[in-house]
Amino acid sequence: MSAITITLLLAAFTLLAMAVVMGTILGVANKVFHVPVDVRLERVAASLPGANCGACDYVGCGEYAEAILVKGEAITKCPVGGPAVASAVGEIMGVSVEEAFPVRPVVHCAATTAQRLKQTPYHGEQTCNAANLVGGIQGCVYGCLGLGDCVAVCDYDAIHMIDGVAVIDYIKCIGCGACVKACPRNIISQVPFKADRILAVQCANKDFGKEVQEVCEVGCTGCKSCARANPDLISVVDNLPVFDYTKYDPRMSLQVIQDKCRRESMVWLGKPTPTELALAANETMPARQEAEFKTTVDQTEWRG
Amino acid sequence: MDYLAQLLLIGLGAGLIHNFVLYYFVGLCPFMGVSKKIDMALGMGLAVTFVIAIASTLSWGLTYYVLRPGAFLSSWALSLITGQAGEVDLTVLAYLVYIFSIASSVQFVEMYLRKYFPPLYKSFGIYLPLITTNCAILFACLEIMKNVVGVDTAAVWGLDKALVLSVGGGLGFTLAIVIMAGIREELELADTPKSMQGAPIAFIVAGILALAFMGFAGIDTSLGKLMLGGS
Amino acid sequence: MLESPVTAPGRGTFTRGIHPFEGKELAADAPIEVLPTPKQLLLPVLQHIGAPAKPPPKLDKDAVAGKEIAGPGGFVSAPVHASVTGKVGKIVRVTLPNGRHVDAVAITPDPEQPTPDELYAAVLGGDWPATDLPEHEPGAIADAVKRAGIVGMGGAAFPTHVKLASNPAKPVDVVLVNGCECEPYLTADYRVMLEAPRGIVAGALLAARAAGAKAVVVAVETNKPRAIEALRTAARGTIATVKELETKYPMGGEKQTVPAALGRTIPTGGLPLDVGVVVINVGTALAIARAVLREQPVTHRVVTVTGHGVHAPKNLLVPIGAPYADLVAAAGGLRKDAVRVVSGGPMMGFAVADLSVPVTKGTSGITVLTRSDLAVAEQTACVRCGRCVDVCPLGLVPTKLALAARKSIWDVARRYHITACMECGCCAYTCPASIPLVQLIRMGKARLPRG
Amino acid sequence: MAQSDGPTPLERFINGILPENPVYRQMLGLCPTLAVTAAMKPAMTMAAAVLFVLVCANIMVSLIRHLLQPHLRILVFTLTIAVFVTIADRVLAAYVYGMSKALGPYVPLIIVNCIIIARCEICASKQGVLPAIGDAVGQSFGNAVALASVATVREILGKGTWFDLPVMPLTSGDYGWSLMILPPGAFLTLGLLLGLNVHIQTVQARRKREAEKAASTALATSA
Amino acid sequence: MAEEKDPKLEAPLAPAAEAGEKVRLPVVVPTAQLTKRPTGNVLGQAWLVLVLATVFGAGLAGVEYALGPIIAQNRLNETLAQVPSLVPGATQGTADDAVIEGRRVFRALDADGKLVGWVVPGKGQGFADKIELVVGLDAKAETITGLFVLDQKETPALGDNITRADFRGQFVGFGTGVPLDAKRAPRDPGTGTIQALTGATISSDAVCTIVNQTVAAVKAPLAAAASPVAVN
Amino acid sequence: MTDTTAPKAEAAPALEVAPSPHAFDLDLTTRGMMRDVLLALLPPMAMAIYTFGWLAVLVVTVTTASCLAAEELFERLRGSPAKLGDLSAVVTGVILGLTLPATCPWWVAMIAGFVAIGIGKTVFGSLGQNVFNPAMVGRAFVMISFSKFLGAPAYQVADAAGILSQATPLTVARDANAVMPELWPMFLGTVNGSLGETSALACLLGGLYLCARRTASWEIPFGVITAVVLFAGLTQLVVTPTAIAAVPALRLTVFEHLTGGALVFGAFYIATDPVTSPITGRGKLYFGLGVGAFVWLIRTFSGYPEGVMFAVLLMNALVPLINRGTVPVPVGGPTPALAKK
């Protein structure tokens, strides 16, 4: 045999031997060290949006997936994914989804800076959470402070301070609920959007009408005319109308409720109307945002 | 005494003076990726140190006994085939063999941990797949190879030196990544400009850290003189 | 029943803390005056820590001074009594200086009211039998305190009967009367100590009996020598002793007074009760004496109206529910350069925007500050100079807490013990960068996720 | 099967250069970006080596993609890459010995350069040979652009030269910023360039938004 | 224009557009689906790896067969190219692994193939990193005839001046009997003093140390090896 | 964001609201602290001018000017208003200038200033956010880049028998045969070296003022000096002639360590930079000890004669870990939730 043949042989044999040894060890180890894992975990995790926004009250999508499997957590807790994700997860888990609507936040205050009365200059940390600890910044202790903590936490550029009050851009909003958690005055709440546009109360002041009028030009006075228009849907608690959204049906005659309101507290929210669309015609809509780190690369687990 | 001094110098050199990350730029991905929290960084560093020790032992053994010209096993195989003594150079296979053994040992460790130490696996195991492609490990193997193949017989490294180099390098990596994590935790509280946040500022910090580590340059030379005698 | 007085082994001071501008000379020598009866009073149902008092479903049309108009809403709660005789109006909502938005009962006083002298005599004056107190059952004392609606008058407004209720698990051996009015400017407690020292001692002795304590220590800062003298005289022949403490802010905080006076350290997250101590304010002690010996509830309190922003700083005896505007008017009104009206002292008080807010049981003073008192440099970034660490009386690291709170990094906030902060304000007072440290820490405590 | 919905070869190629630049956008392959960029020559040699390995590995993986077993996939990738790296290493040593010596261990370290494994995983193991080649070339060009940017800054500031040609007399000889050639200079340069890159991106995005806003308001007022 | 508008708006609105639809799915009893312990032949599954390993091994050996000699020659040439400049009178060199057991040295030969000196590689720790150099010696290994630095990573513009001819030139003519020492003093062959580079004492010193160590290790064997040749 | 203002109905004074406390120590400002540092830098500055003449003025002026220019420029780039008034850039500039040798070319000083502010400070988010001492970052950058102009050889400009032609004491120490300068000149400052470091006396004067004003924490200089005294003292006890022959810097005595280089300057002015040192007293002490230990190690064994700059940078990097290890326990013990863990 020539030298080259021998070297070739030896090299090939060396690697083959190594592959056999390593392969055997790993293969045997794979059997011996086998740990059973629920295969559905990966599939559930894969069908969640991966935004890790925490709206489901778990640290991330992975945790939520684990909770669904291990603790039997409800499959409808992901507001970002909405019904599509719920049904996908339901399919994997073999459970049915009764009913799921996308939930979106609603700001229960409509008073602009100019409409809020009894304001006092405020020195201190310029965030709502800090300012909320100082009394007397404005007359209304329920209303929006306008310092924008909700804007700061929104990863989707979907909430803005317009004339000093938070306004949600429902085209960009994915319903993660970060603003709901950020608001120190709890005036943002998650509401099921049973239609593209729903009616909502835009005031949170629980005081008597006269006191509300002293501090706000637009706030709800608790006059109850809305509740009289539809007593089934609306009840007035603490001088404030409350919608029972489980009974809300887009086919109800709702416009009459808004028409009855003497202040400006009943508002249609949601998808923009054709008129509004015409105004924003040229604005390019950003594609639905995914969390930044979810690049193609990350799916591979490979770094180095 | 001289022996210990030699080992000390190798370890010190790999850990501090020629730090894997700050001097040779190897292991940068985990250095950047897993340095956001001190605990995680420490876990990563120790995992790397552990794997690096295993991998360098394996690769030293394979290089010394199989790959290098005149290695015991390859010569023996040659004599079986040809019936006469001789030597064969298989170093061309080195890269393949190293990466093979690194990948296999990492996977083995991962499976073992998952079965017998689930808590450890949970806190430690997530780093293991990342380690396979951590160039620090392959780099240590290559450094060892440099001192086994193609050097004068007297200077061929034994397993002891190989291990000291790899563990020293691993600990140096741990030190660097833990320092980095500490600084990045601190920077969480700072108002770093938007465009510098994340990787850019981390690189700047690494740069200044590398600058600071340059202060150690020459310590091994001086210590060598002190402990091993001048000439 | 004289027992040997327990010596107070504290070293008279605590570590760190600050020495702010005192400003006490403004009102220290103004004797307590009685406020003219206001046109309308608002009695908030929540003037204390705990559950709000509950007004009956149907309010009496007429209020009689000293009569309960809202009963306690639970164990940790206190009733509210009408402070004047008059007509009861509607329930309205008021926003108290601390930002609480609560129901309040409006009372329009009758034109005929007791004369100022009568009022003074009823609340502060007259003789207080400090040395030969009638024997009261401990339970009866606590009960009287509860019925009188007494809450901590130092500012915290914790219902006093809860402190006095005997708890076998945590026996009390010392009642510490806190006369360290460490807040700058305020002199209400000081005047009470000067004008009714025997009442204070009597109240303290009653409290000690109710709590089963063997000793009474009255702690006063050294900047009030006349008060120390008056209390010493009043305490002669009783088990009460007077302990002088270094003048330093925040000496009046329980966590500082107790170690300084008694050498016992209150554990973090704990109460004085954990080390066998009940701490009551001098005003509270007087109120106890009044409740037990004269069977009168809390209807009035002494309030200092002071600061460079009022024309004539004064100490006033005020009915609970009187609007701040009346108090300020009685002190000569606001000066042109007044910019900030603070309920309480400048270190821990709340700025008030609206002077229609009523005086509550916890209102110890109204400090009106001018622009020059507040001239502060613009806020800069923290340079980690560590001055806040040097002054924090609790040994915390305020800058870390504040920055962690600002950035919502909760593990750092927890690691540095954010919940231990008592918001005394030393750090923000000292901060060269003018960072609102206390506000940030308070925000952090509010937002800290549980668990 | 996957070819129809996967990106086309041209898309893959263009993506690699800027939109998915391996260094600036994906933060991959950082070790060589720092280690071999003290000057342009080694940096470009390295880029060429990466190009060779990536193209070969992508072709190979793409060819055998139907034979891959999921759990042994990575092992096969690594082996393939290691072979081509060895070949590249030997070729360099045989024909450009000086460069091979200058690059030292960083040629074998291409094996663990995550750009390559990532591309095998993302593209080659799912798509046909042509897109795989397009992808490999595009990513390599992106890598080369990144290496060149860092190396240009470092070489010009550090030695006053570019490809060893004197271009900047102010920083040549004793006046060179030696630190730029040393490890800290590599970190600092890359850090600043990354920051600059992010800054440019945000500025561009802001400009774009503002332009759109202006356009839409103009439309609204005219309507 | 209008046609373009719609798709843009449709995409982001997709989740909202689904509103109102109730999602109903068949109820299936959930069962735990655990992964099964893998079965089958361990090596059988890894056949691709085995095949690849074999093919790659043979392939690489082939590559090495083709390129290995060139690389080896490159390595030799690195030093051999320096031989004429390191040893006066030499025109060529040959590697010699036999003179000293386990250590490669180079014979410097003149045009006639006569031994005129030796070139010895040395290696050691410098200031920043390893320094690799070759030392030229006369035939009896008594005098240093030249020095060349093959590889170094010393501080640019400072330590890397050890590669400059004026620094290296200092070594020429030093006897191998006296250990060399880099000092901040003028060159003096008598005391073995090499004038250190300003600001790079450590690098200069490291070069001296490496030369000393190299020379000390080879001096005696080379002298011994040279004498018979000289006689011939 | 601006304060929200609303017209007040009454003619009464316009009130405002703010969180407590409503009282402030009006004497304490960031600017005031910086002014203190500048005041304390006067003695070494004066000594530098005495020793090196107009060269000292030139270098310090250039660094200060370039630091100010860099601050202005980079803050503009960031889009935030430059706050030159807080004097922090001036402090950085003066300290940086005083750590450079008199022979430093003006353009090197300028680059140092720009790097100090640019890479040392602005990229981290300006005042108070930087991890490393900006002056030391700037110095290290030029020290390594332009060692020709700044290293030992730079000190030996052949001027007419002045101080500039001497080698610095620590460079002398590296040559086993050279004779160390007398202690007294080293203490007074009539030896060669970086501008501010030569006079231990002047640094001590200014440093003690800083500590007395509590602008600098005494723990840090105390720790630095203690560690150096300890290490150098122990070395003195055990060192042998053979060891000195191998590593000449081992012969440095405690006093030579203290007076021969930038130790006192570094201990009082550089290491005490509050931004880049630990926050608690205990942490500061550890920090100081660490700096001292590194100074000794680097001076003795590394390739660089002086180690203060590297030691400070190295310990700056460790500050977060020191802070982590020295979280103070509140009076009354840790919070119950944490104690349980």
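To keep things simple, chains are lettered A, B, C, D, E and F as they appear, and every chain counts its residues starting from 1.
Note that contacts are C-beta pairs under 8 Å (C-beta built on N, C-alpha and C of every residue); 3 or more make two chains touch, one makes a residue touch a chain.
Small disclaimer: the values here were computed from a predicted structure and weren't measured.
S.K.: What chain lies farthest away from chain B once each centre is taken as the mean of the Cα atoms?
M.R.: C
S.K.: Quick one: most central chain, C-alpha centroids?
M.R.: Measuring from the global C-alpha mean, the nearest chain centre belongs to F.
S.K.: Could you give the separation in Å between the centres of chain A and chain F, each centre being the mean of its C-alpha atoms?
M.R.: Result: the chain centres lie 49 Å from each other.
S.K.: Mind checking the centre-to-centre distance between chain D and chain E? Centres are C-alpha means, answer in whole Å.
M.R.: Comparing mean C-alpha positions, chain E is 25 Å from chain D.
S.K.: Just how far, in Å, is the C-alpha centre of chain F from the one of chain E?
M.R.: Comparing mean C-alpha positions, chain F is 40 Å from chain E.
S.K.: Which whole number of Å gives the spacing of the CA centres of chain A and chain E?
M.R.: The separation of the two C-alpha centroids amounts to 57 Å.
S.K.: Send over the residues of chain B in touch with two or more other chains.
M.R.: Expected reply: 29, 89-90, 92-93, 96, 100, 132-135, 185, 191, 193, 196, 200-201, 204, 207-209, 211, 214, 217-218, 221, 225, 230.
S.K.: Hey, what residues on chain A touch two or more of the other chains?
M.R.: In chain A, the residues touching two or more other chains are 7, 9-11, 13-15, 18-19, 26, 30, 34, 118, 120, 124-125, 130, 133-137, 281, 284, 302-304.
S.K.: Please set out, as single numbers or ranges, the residues of chain E touching at least two other chains.
M.R.: In chain E, the residues touching two or more other chains are 45-46, 49, 53, 56-57, 60-61, 63-64, 68, 127, 155, 157-158, 202.
S.K.: Residue numbers of chain E touching chain F in their complex, please.
M.R.: Within the complex, chain E touches chain F at residues 127, 155, 157-158, 183-184, 198-199, 201-202.
S.K.: Which residues of chain A touch chain E once you look at their complex with the stated criterion?
M.R.: 4, 7-16, 18-20, 23-24, 26-28, 30-31, 34, 36-40, 82-84, 86-87, 90-91, 93-102, 104, 170-172, 174-175, 193-196, 250, 270-271, 277, 281, 284-288
S.K.: Note which residues of chain F are touching chain E in the complex, please.
M.R.: Residue list for chain F touching chain E: 144, 147-148, 151-153, 174-175, 177-178, 303.
S.K.: What does chain B use to touch chain F in their complex?
M.R.: Spelled out, the residues of chain B in touch with chain F are 38, 178-179, 182-183, 185-187, 190-193, 196, 200-201, 204-205, 207-209, 211-219, 221-223, 225-226, 229-230.
S.K.: How about chain E: which of its residues touch chain A in the complex?
M.R.: 5, 8-9, 11-39, 42-43, 45-46, 49-50, 53-58, 60-62, 64-65
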